[in-house]
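All chains are identified by letter, namely A, B and C, in their written order; residue positions are counted from 1 within each chain.
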Amino acid sequence: MNQANTEIVKVENLHKSFGDLDVLRGIDMTVRGGETVVLLGSSGSGKSTLLRCINFMEMPSEGRVYLHGEAVGKERNGKIRYSERDLCALRTRIGMVFQHFNLFPHMTVLQNVMEGQVTVLKRGKSEAAETARRQLDRVGLAEKAEEYPARLSGGQKQRVAIARALAMDPDVMLFDEVTSALDPELVGEVLKTMRQLAEEGMTMIVVTHELGFAYHVANRVLFLNEGAILEQGAPHDVLKNPESTRMREFLEGHSLFKLPD
Amino acid sequence: MQHTWDFASIIQNWPVLWVGLQGTVFIFLVTVTLGLSGGLVVGILRYARSAALRWPATTFVEVFRNTPVLVQIIWFYYAFPILTGIEVDPFLAAVLGISLNTMAFSAEIYRAGIQSIERGQWEAGKAIGMTYGQTMRRIILPVAIKRVLPALTNRGIEVFKMSTLASVVAYVETLNQAKLIADLNFNPIEAYTAVALLFFVVLYPVVQSTYVLERMLRKSD
Amino acid sequence: MHEWNFLAVLNDADLLLLGLVNTLKVTALALLFGVPLGLALALSRLSTFRPLSAVAAFIIEFFRTTPPLVQLFWFFFALPILIDVRMTPFIAAIVTFSIQSSAFFAEVFRGGILSIDKGQWEGAKAIGMSFSQSLRRIILPQAVKRMIPAFMERSIELLKTTTLVSTVAYTDLMFQANDLAQKTFRPLEVYTIVALIYFVMIFAFSQASIAVEHRLAKSGEGTLR
């Protein structure tokens, strides 16, 4: 990745409401190449919604999203219009990994990783298969290529889901509480894979409750509270010396986690 | 081709249609009562432990589920009298065909309902000294029937629609009368549209209420 | 006591055979048009565009709540007055049963599509798939598998319902039976044989559908009723 330090994703004054409920109230955020940004916050703070607005799984109510400095959507008469075609193209450049994997059960692991390449990017079958095997190897699952997802453990499923996103050669990866549905003993293998990606220079935005991951891997931590960014900065500052009471309470809620000195 | 709708001809012939409607309601009530109650008996027999009870019930269900109702009605009208010497009028033929068909279908519904009850219920009945019959009547059936109520309502809707088949053997019901009006007034389009709308208006609220019923039952379960 | 005589029927077996072929022809054609039409209706009903979904819902409910015989009469006797077509019993049969079964298939499709976890749509969306790509590649392949038992049940119902075409003088098995019964004065034998033909055919289809259902159940996939 030679896009280090260039701006990849920028979010400007992002609002999202569901009916009367304002989930996001004006978020500004910039993520640069090679950065790993962790979004923290208690449930209902809007962190997952923010993530889902970046690749338009949810449509923002207000504000803009920029990819490589280019605004998504066209403004007309004061309203921003998004064409389905543009959004599909955008999503090929932004990988996403979900809490519940969302692997396609009727396809083998290899077919899962090939699917987007063949159907959306129109790559040839052999090229797609080659890329798929390379990415499966990267997450340590090359030998599971011919299995169906139902026969994998949760941790393996999640690593396949990561490979599926990587196979699209995305500019940035979004991780939405990817370890929350896993048995505790399977969390480690997924975090290890994510850490390895971060070290390889992948740009990542991660919603997680794993403070250890935030502390050791993130370049920057953002703490969301009631739809706004309350604190942000380097992990050892934000996590060790929180300024706000809300953040302190949040960290105390995760008292199992002991930050190293 | 420009057609001018003229429903006045239907209104004028309202008495003719009214006779048909009465016929429809009458045959519906008879067949739905016979069908759903007879089906309960057959359904319980299909669940019986004795093969001598189970086999005839199973054969009955398979024969009547796997042949078209129209074939059954026609068979009872034209073939049954020759076989038995019993005189069969259009009403009886239609009632036999539709009721027996409904018995076979609803028997399967009841059986599925009975089978959906956990074994523990049977054991609990037994444990307090109930006989098979008592357990079935007091413990199993009340819950089973409640569970299959939406499916039974759907059967009832099917029976109501099926009643039009009685017109094939010239039983006087709505469609039969509409045919009469259409032939006499040369207005098939208004006549059949009116009948279609009549059925829709009657059945649509029933269908909607089964959706509500299903949701209510799912919640209470 | 009646003396059975099946010879009269067997002598004209070719008549019944023609009827059987026509019965299967009407069923097959109604399936051919009814299934895609049913999918279109289901997708329309699921659409977020309200007018489209309301129209689809109305068509589905209308054809599910009106008797098929009334529909058949309407298409046969009434439609030619409305639009300029030369209506034949065959066309009326195909039109009626295609639309009628499509209303039922629509509900099967809708149930199947709705039974698929929302995450599957999201997974497809996240790798850049459009709505139609998601539907075609991800949702339908899974939904169809679950729909197979309901689909087969519906097809068997359709086969039984096609007997109605005899009332508008289409030469299906039922019509041929009526014809033969009058010709031979042997209604008992004719109708018994014909009932038997229907039974064997429909029973075989039912058993096949049960077998398929068992196999699907074994392969671990839930099915839909």
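Quick note on the criterion: a residue touches a chain if its C-beta (ideal position, glycine included) is under 8 Å from a C-beta of that chain, and two chains touch if they have at least 3 such contacts.
Just so we're clear, the structure is a prediction, and the values are computed from it rather than from any experiment.
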Shared interface partners, meaning chains that touch subunit B and subunit C: none
Chain whose averaged C-alpha position falls nearest the assembly-wide average: C
Most distant chain from subunit A, judged by the mean position of its C-alpha atoms: B
Separation of subunit B from subunit C, taking each centre as the mean of its C-alpha atoms, in whole Å: 20
Interchain centroid distance [CA atoms averaged], subunit A/subunit B, Å: 56
Interchain centroid distance [CA atoms averaged], subunit A/subunit C, Å: 47
In the complex, subunit A residues that touch subunit C: 55, 57, 84-85, 88-92, 95-96, 98, 100-106, 115-116, 119-121, 150, 161, 164-165, 168
Touching residues (chain side subunit B, partner subunit C) in the complex: 1, 3, 62-63, 65-72, 74-75, 78-79, 82-83, 157, 161-165, 167-168, 175, 178-179, 182, 188-189, 191-193, 195-196, 199-200, 203-204, 207
In the complex with subunit A, residue positions of subunit C that touch it: 117, 119-120, 122-131, 133, 137-138, 141-142, 145, 220
Parts of subunit C lying in touch with subunit B, wherever the complex brings them together: 2, 61-62, 64-71, 73-74, 77-78, 81-84, 160-161, 163-164, 166-167, 174, 177-178, 181, 187-188, 190-192, 194-195, 198-199, 202-203, 206
